[in-house]
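Across the two complexes that follow, chain A remains constant while its partner is chain B and subsequently chain C.
Then we have the complex of A and B:
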């Protein structure tokens, strides 16, 4: 309900002559959601894995490299979110005098950003948990880094699929 | 975050688990020619600094006590829920309580050597708390139990009651915390422990030839096996008890433990099987990276390791042959 109200407010803002059209606002909102939610997911993910990594490095500083690698895996969702956000900004030509888009197109762009925003948020958190568990593998068997990385990478698959969907959708919308 | 998280603590434990003594090294220690040589093998492990400080094999107990204290401090440091992990150290507090109260009522003095420094309450605080009026400084669950004993003993002094009242108080508190924290692992662990302790009580009471009324007073009401099982078991033969327990998780403990009990007449083997069973249970569940399991597993592993070293050192200092030591180790180390 509140989300719907947000659109009403945005509509008012657009009609009150701030110089932005409703379509532009929707599209920018899409970019913001992709960067924010996917980024937050990565924040949680790397924080969970980072605690495990710190635990291992406290006892065995030689495992820093391997632990860092596993900690960084949930960080990719944030990058994917930024990528989609950037493509949207580019589409709007935001850096060189914004082009106008219709409200329908703006809304489409917003919806296109949702796959990476939502899947990125959730997959990064869970990937962080898997990474934390995988750091337990290298704590005991540093030679099994390859196997340890595989488990969090399986979670990554679905973030990549969401990125692909968002990318194709944003690209496919004519402006 | 003010407290470290389980993610952090468990990861530290995972590294330290690899530094627990391997079976191989334990056997090399058992095969060593002398106590000095056994200590030298111990010096190649994470015990190196302690061995260097203490030096003499006759002071092995000092090494073990210091190592256990270090483990205790470490576990306290990495545990995000101190009252949860504290449950696993409560047995030392209650051991101390029993020793102090028995000294008081039976009049033995100078039994301080039997006190353990592993409890959650320092020994001096415990003693001071017991002496002070109303024992206000002690936690409520201890105060209540001690008051109950004092009230009972104002009528008639019966040292056996100390064990009964304190064991009950300990498990009451443990399950109260488990319920509050909704920790399913700890609940399961202590449930199993209560069952095994009840089975041990059953064997003891059966051998004493007492009736179910006597056993009932000893049973902890927290296990999976219910009162009717024990009531029936009091009437049945040992073979029947073993077959009744065949489809419970305790089949191995019951079969092997009861047979050893019948052979030797003592409960040492049964108690060893109890410890093994709980150790095995924790081993199965300790893969959870976000919970207390791995930390408890490390604690139990360390307790077991110290038991093994003690057996070896006692054996070596008494010139026991290596096969004999290995035989005794097999009793502890499956």
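Then we have the complex of A and C:
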């Protein structure tokens, strides 16, 4: 409850200063949260995997391609977050005269962004750890790249599902 | 279109002709030699003892070691020359063509190659030595920099009878204050100070004072952290020493240039070295395989596998080169495991790569590639989902196939991307994706529908595709069961699930009543049959009931195909955003240039990311949702003794004529 009140207070303060409606601010907050959290997750994920990858490449520079492939896997969550962010921006028509939305609609858009924001953040970090371990596989057995890719991709499934949920939610909100 | 039949080969020949026969096998490249000793253990003890008495294992570790060491020397030489060479050799440069007999001749020139390698070693040693010298000289120079303006020779910095003479440094942040205070305090006294140089963070001073004021002076110096320095091991005026150092550094640089020049001069030997490297590695492969043979005094024994189709040609060829030879070819015993080689039409071959990265199928199961290929093709296209991107990657990979003579895995990968590109063009036009929304902007309508506007239709379409693949996987499993004579397994394990799932689908789509009964019938059948391996009647029914829980597995597998939509969505929305950003800039001629850069870089990046995503997620659908239903791994890939080269193409004279 207090959380919601905080929103209202923040929203009022911002809207009076910027000439934006409360609904618009909620919606923009949704876009920001989707891009930021999912992006942060990918930052952690590719960083964890990148450290392992560097270790392997130190030993055997020929494995750069394979290691890079595995390092890039946790990077997709950031893209999913950006995607939802853009869909929200498009919905608000931010690039050409913003349309007004009611506070309820704005809050709905904000909530719709949460699946990809939260699942993206956490899944990317864990996927990064699995990727790091998978890079260990190719360090010893480069011929098993197929199996090494599969483990991190299993983690990503849930980011994909969250992306889908966020998309369907945002898409389904009438403005 | 399947796993190739293999035959067992037993070959007995004369010692004297061993090299010739192995060489021929290597040229033909279709026999995998197996080690005999491990098989002999399976025979009963009596026989094994006689085996041991008559036969012995080949032992040519020494030859092998020699070849390996020669190989590593030649490899070192190639790397060393490559490091300093001005000629850049692309990874895809056309290879030299060398005939078999030339290759033989080159083996006699190994000593020449080793000489080159020796020269390289010597040059590298000299370079290391130069670097060590350079480090030393740089160290001295660095050390002397704070004393650049000192006009006294270093060995003269010693106390006299009445004065202390010292040099030292002060941190350059406090030096101004230091000088001020000294000047203030010792203005009219027997104290001399001079700044004689500085480096990055400290300033050097020469200080001379009368021993009578030693205590005061010491105190003041300590206050500013004056760091006294002594050079017991160096002589001369610092400026001169630094000059000498610089001169030395110049000579070192010159010498290094000279060495690099001589390394560059070795460039002309590279093609020779490459041929010798490959000749040696071919010899190494042959010697390695020879370790698997058994020998008697005069003869040798070879066991191996050969594709059934090549068996006749193999016998003929060997009989044509010698007649002192015994060859016996037979079918494997039922259930005996044999090496797995796959044979597929050219259009399916690229997809073998996907399976190769997963696992080799069991020799008695089926080759999944022909069944997996169409699904991979379709899914890759849907996930990329952009006809414009498809055109670009198809054109690029077609160009790469034409221009570079790729082989093996590289060729399969590029062909796979080419086929994927074709699929993208197809699905991109169906869903109206041309560089994101660029097609829609110029009025190109989708042939079917736009997934972004009708997400639910798209989801259902994806689930339907998933269901088809799941059913295909079950069908293949049923086929394998039937082929192994387990017809009831096929009926109970796959047939009943078909009935149940199709019933459920009819229930929610066509007719509730019909579907309901069909699903119930299937489920009842499952409850009755799925516990059939349990002896206890209670356990049997219980496992039957529990098996119904597998429906969640089928359901979640089907949902997993929603990634088709999600990835298509991500690619096309990002592409659309790139277009928007580009168009925003495009309002003047400079704007158009910026827009062109944004569009090229953005779409380039998006293509790379989309290929990566489409490839890994399509593979995942094959590995987990499809292969999981029927694939039996555990085979080992067929690895015949053949000619493997790194730098050159080898041809036989007969072919060339």
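Following the convention adopted for this analysis, the second predicted complex is superposed on the first by the 164 of 175 C-alpha atoms of A that agree within 3 Å, B and C clash if a C-alpha of one lies under 4 Å from a C-alpha of the other, contacts with A are read in each partner's own complex, and residues count from 1 in each chain.
We take it that a contact is a pair of C-beta atoms (placed from the backbone, for glycine too) under 8 Å apart; a residue touches a chain by one contact, two chains touch by 3 or more.
Note that the structure is predicted; figures quoted are calculated from it, not measured.
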item: Which of chain B and chain C A:48 touches, first, second, both or neither; value: first
item: Chain A residues touched by each partner, larger count belonging to chain B or chain C; value: C
item: Touching partner for A:56 - first (chain B), second (chain C), both, neither; value: first
item: First (chain B), second (chain C), both or neither touched by A:135; value: first
item: Contacts of A:153 with chain B and chain C, given as first, second, both or neither; value: second
item: Residues of chain A defined as touching chain C within the complex; value: 69, 72-73, 75-76, 79-80, 82-83, 86-87, 95, 143-147, 149-150, 153-154, 156-157, 160-161, 163-164, 167-168, 171
item: Chain B residues within the chain A interface of the complex; value: 4-5, 7-18, 78, 287, 289-290
item: Complex interface listing, chain A residues touching chain B; value: 48-49, 51-56, 58-60, 63, 129, 132-133, 135-136, 139-140
item: Chain C residues within the chain A interface of the complex; value: 354, 356-359, 455, 459, 559-560, 562-563, 565-567, 569-570, 573-574, 577, 580, 584, 609, 612-613, 616-617, 619-620, 623-624
